[in-house]
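Each of the two complexes below includes chain A, the first together with chain B, the second together with chain C.
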Partner chain A sequence: MKRMHLIFALAGLAVSLLLPLVVRGDYHLQVLFRIYLFAALGLAWNLVGGYAGQLSLGHAAYFGAGAYGLAVFTQAGLPLGIALVLLVALALVFALLIGGVSFRLRGPYFALATIAFAEVLHATAKNLPNLTGGDVGIQVPALFHNHVQRSFCYCAILLAAAALAATAVISRSRFGYYLMAIREDQDTALSVGVNTARTKLNALLVSAAFTALGGALYGSLFLFIVPDQVLSIDISNEIAIVAMLGGAGTLAGPLVGALVLESASELFKSVFQEAHLLIYGLLLIVVVLFLPEGIVGGVASLLRRQKRRKAPGEAR
Partner chain B sequence: MPLLELEHVTKRFGGLVATSDVSLCVHESEIAFVVGPNGAGKTTLFNLISGVCHPDAGSIRFQGRDISRVAPNEAAQLGIGRTFQIVKPLRNLSVLENVMLGAFLRTRSTAQAAREALRVLQYLQMEKAAALPASGLPLPMLKRLEIARALATQPRLILLDEVMAGLSTAEALGLAEILKKLPEWGISAVGGVEHVMQVVMSIAHRVLVLDHGALIAEGSPQHVVREPRVIEAYLGSKYKELGL
Partner chain C sequence: MDLFTALQAVLNGILTGALYALVGMGMALIFGVMRIVNFAHGAFMMLGMYAAYVLFTRTGVNPYYGFPLVGLVLFGLGYLLYQGLLRPIHGQSDFMQILLTLGIGLALTDGIQLVFGADYHQINFPLLGKIIHFGDRIRVSAPWVVSFAIAVAACGGLYFVVMHTMMGRAARAIAQNRYAAPLMGIHLHRVQAFWFGLGVATAAVAGCLLLPVFYLYPGVGDQFTLKAFVIVVLGGMESIVGAALAGVLLGVVESLTSLYWGNEWALAVDFVIFLLVLSLRPGGIFGSQRA
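For the complex of A and B:
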């Protein structure tokens, strides 16, 4: 079973690595980039929102930390490698601030804190023109000069592969079991000795690091960013929706979610033009109503039910 | 030195005194049962010992260490396992994985945790259910699963909150036979029950009777059921007539 998963993942990676060579044209490569980028972001979100069951609606904070971090740190004259380390560190500090306080509480406090924190950052970025360029925006250095779209595609694929590998390792480890225990019942988790606040925070830190790298990649592709683009609640929502649509708390969910959501929204954009947001919204309502566990979760429970019907009496 | 020692422990929730000046101790390899009617304060007592809530007055010592203010996860680390009155299985996980959660307290390795979990499941005679999802289990199995998860943390003391509730007398006696062996593993147990006195009589070394948060009697099962205050507060005259 485990070996099957590994073979499947390696085959997927091989196909993924071939895709940017086959796909023609900058537009199609950019769609491909978005799919893999949001797969990586959805996987990162899934650790906190899926496995640990802590709804984050403010992942734009880490995404923006990545994009703005790359811009600000390189403009300050730091080399690219140092800038990458610092932008991840910045996202980790944000995660510590949000999670360190709100993870001690139960209920919707974490979700509310994530929205509030991201919105504060959004407003701050708009109102600090000397540092962030304010509403005018800021230039982000180009990571690549040749085969730009293709190179970005490869970066997104590698980021998604790394996030998938990290999730696979975590989900089979004690850390992963503890996250699921927290999602299912915090009292039970505490009773078997889990430090729930610390465990949730660790998940958020891993998540924030991946999200920041995704943000840096995104910012560098566009070469120029404004707060409404990388720090808006739209980014937070899209990351969460990718994971939930595909199946929160499942390994493959965010991959499927990114593929469906990003290709559907591009398709709707070209077919329905301005009405695409309406269709997008309707699609979400349908999924929430009929597939509350997401696409992967829904299909999995359908298969389980069929298996049970085939072998009655076995499940006592 | 007793394993667990409560001294003048009081806990109030607003105007309600849930635990009133309770002093008690539990010794190594002892099975004690706290009995009392619904609302007598059994669950609060367990919550106090396991760190879910903290006493307003008095102290709780475990292996000589003051644990009045420790968090529930720290209490588990120190060797206090517990079950919940309302069963709390992780429904998406299998029976084995549920028990592994407990075992992870003492090992980082998934394989080691699985081995330990299987050992505990064998002890509770439910290894055949290991691969089943926890969501489909009937209540007697869920009660055992609660115990299995707590035992997998390798506790010195296990708190069994109403593990007999909802079981038939035969099922409860079957479970009691298993729990009797806990002292052989060096584990002390404190059970809490409302009914099934028959089961308590068969396995408890000592019985503590709670009424309105206060300890009103303590002693061997045979002794306690003859106490006039216990009969009045709790058992009713039936036990007097039986002449136990």
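For the complex of A and C:
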């Protein structure tokens, strides 16, 4: 079974790596980029929201830290490599602050605190024109100069692959089982000796690091960013919806979610123009009411049920 | 910056704060009775504003007369939304409930955008230009005073319903113990649907009162959802009196922030207060100390 998964993953990676060569035109390449980018972001969110069961609606904070980090650190004259390290460090500091405040609390407080923190950053970025360019925005250096769209696509694929590999390793490790134990029952996890606050924080740190790299990629592709674009609550929502739609707490969920949501949103954009976010709201309602385990989880439990129905027949 | 400027800012803050109090009370009611953090709260307020706007532009009835009708319509909508969407996921984790109300809010906001477009709207009637003077230095515009008066009356009415009616008693029973209350003959879903409807109607009425002094666009509710979070956390999540006091406090803090640091910092200060309260006094500053 495990070998099957590995073969699937490698085949998927091979197809992914070939796709940008086959797909023609900047528009289609950009849609492809969005799909892989949000797959990576959804996978990162999934560690906290899916495996640990902690609803974060403020991942824009790390996304924005990545995009603004790249812009600000390179403008300060730092080389690209160091800027990348620093922007990840910045996101980790934010994750420490958010997690430190809110992981001691139960219930809806974590979700509320994540939103609040992201909104503080949003307002700060708007109001510090000397550092962030304020509402006017700031220039982000180009990571690539030749075959721009295709190169970004490859970067997004690599990021998604790395996030997938990290999730696969974590979900089979002691750390991963701790996370799932916390999701199922925090008190029981605590009583058998899981340091719940520390474990949740570690998951958030890994998640924040990947999200920041995604944000940096996004910012660099557009070359110019404003707070309402990379630090808005819409980004946080989109990341969460990708993972929930595909299946929170499953390995393949965010990949499927990104493919479905980003394609659906492109289709909607051509029909409804400004109101294309309508699809997000409707999909969320449908997922919560009819597909609480997401597409991947729903299909998996359907298959399990069918297998169970078949099994007694064969035994006879 | 002299004393009168500060006084004027405090007064403005109290006027805004009464509207915040109303928004926050609706949110606190829904949380207290249902344990649902209503992420669609601002969207319902926005819906109330659009309803009042349509009423005004089509029939000429201004929001100060039209708000009971808008409240009634939105009460019905809230009641139906509870029975249709929220009731099926009753008892599930707050994770799912938050996502559901978030989805409802997004769908409402973008549905309105689809119908009315993204343009800004404002309404105008003679009262809006009037200014009331207190002494030489302090003045407030008349519509703010009317909105304030109606908001205070609505807050008082809501308090009365919670404390002195059967529905209010049932709601308090459910808030105290949601397992024992149904055993005492309380029809859980009927009571919850009623209070969800009333919470939605409260937000819509606040929207009606805001329309004459603000402007209208599909995303106008988003900031109020966020402010309602801050208010209920400050007030102690389920306490309606706490929410009312926190609303007024927030109004004053925002007004003073705007005066001394600039309008654009107001929301950031809200959230810094929010995070401080969450980390230092998670039971809220007006609420009991349990979280």
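Following the convention adopted for this analysis, the second predicted complex is superposed on the first by the 298 of 316 C-alpha atoms of A that agree within 3 Å, B and C clash if a C-alpha of one lies under 4 Å from a C-alpha of the other, contacts with A are read in each partner's own complex, and residues count from 1 in each chain.
In the analysis below, a contact is a pair of C-beta atoms (placed from the backbone, for glycine too) under 8 Å apart; a residue touches a chain by one contact, two chains touch by 3 or more.
A quick note: this is a predicted structure, and the numbers were derived from the prediction, not measured.
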Partner chain(s) touched by A:I115 [first = chain B, second = chain C, both, neither]: second
Partner chain(s) touched by A:S265 [first = chain B, second = chain C, both, neither]: neither
Touched partner set for A:R172, first chain B, second chain C, both or neither: first
Touching partner for A:V287 - first (chain B), second (chain C), both, neither: second
Chain B versus chain C as contact partner of A:Q75, first or second or both or neither: neither
First (chain B), second (chain C), both or neither touched by A:L278: second
Which of chain B and chain C A:E184 touches, first, second, both or neither: first
Touched chain A residues, chain B compared with chain C: C
Chain B versus chain C as contact partner of A:G193, first or second or both or neither: first
First (chain B), second (chain C), both or neither touched by A:G53: second
Residues of chain B defined as touching chain A within the complex: 50, 52, 71-74, 76-77, 81-82, 84, 88-93, 97, 100-102, 104-105, 108, 110, 113, 129, 132-133, 136-138, 149-150, 152-153
Contact set on chain A toward chain C in their complex: 53, 55, 57, 101-102, 105-109, 111-113, 115-117, 119-120, 123-124, 126-127, 233, 237, 240, 244, 272, 274-278, 280-285, 287-289, 292
Touching residues (chain side chain C, partner chain A) in the complex: 37, 85, 88-89, 92-96, 98-100, 102-111, 113-114, 117-118, 222, 226, 229-230, 233, 262, 264-265, 267-268, 271-272, 274-275, 278-279, 282, 291
Residue ranges of chain A in contact with chain B within the complex: 172-174, 177-178, 180-181, 184-185, 187-196, 249, 315-316
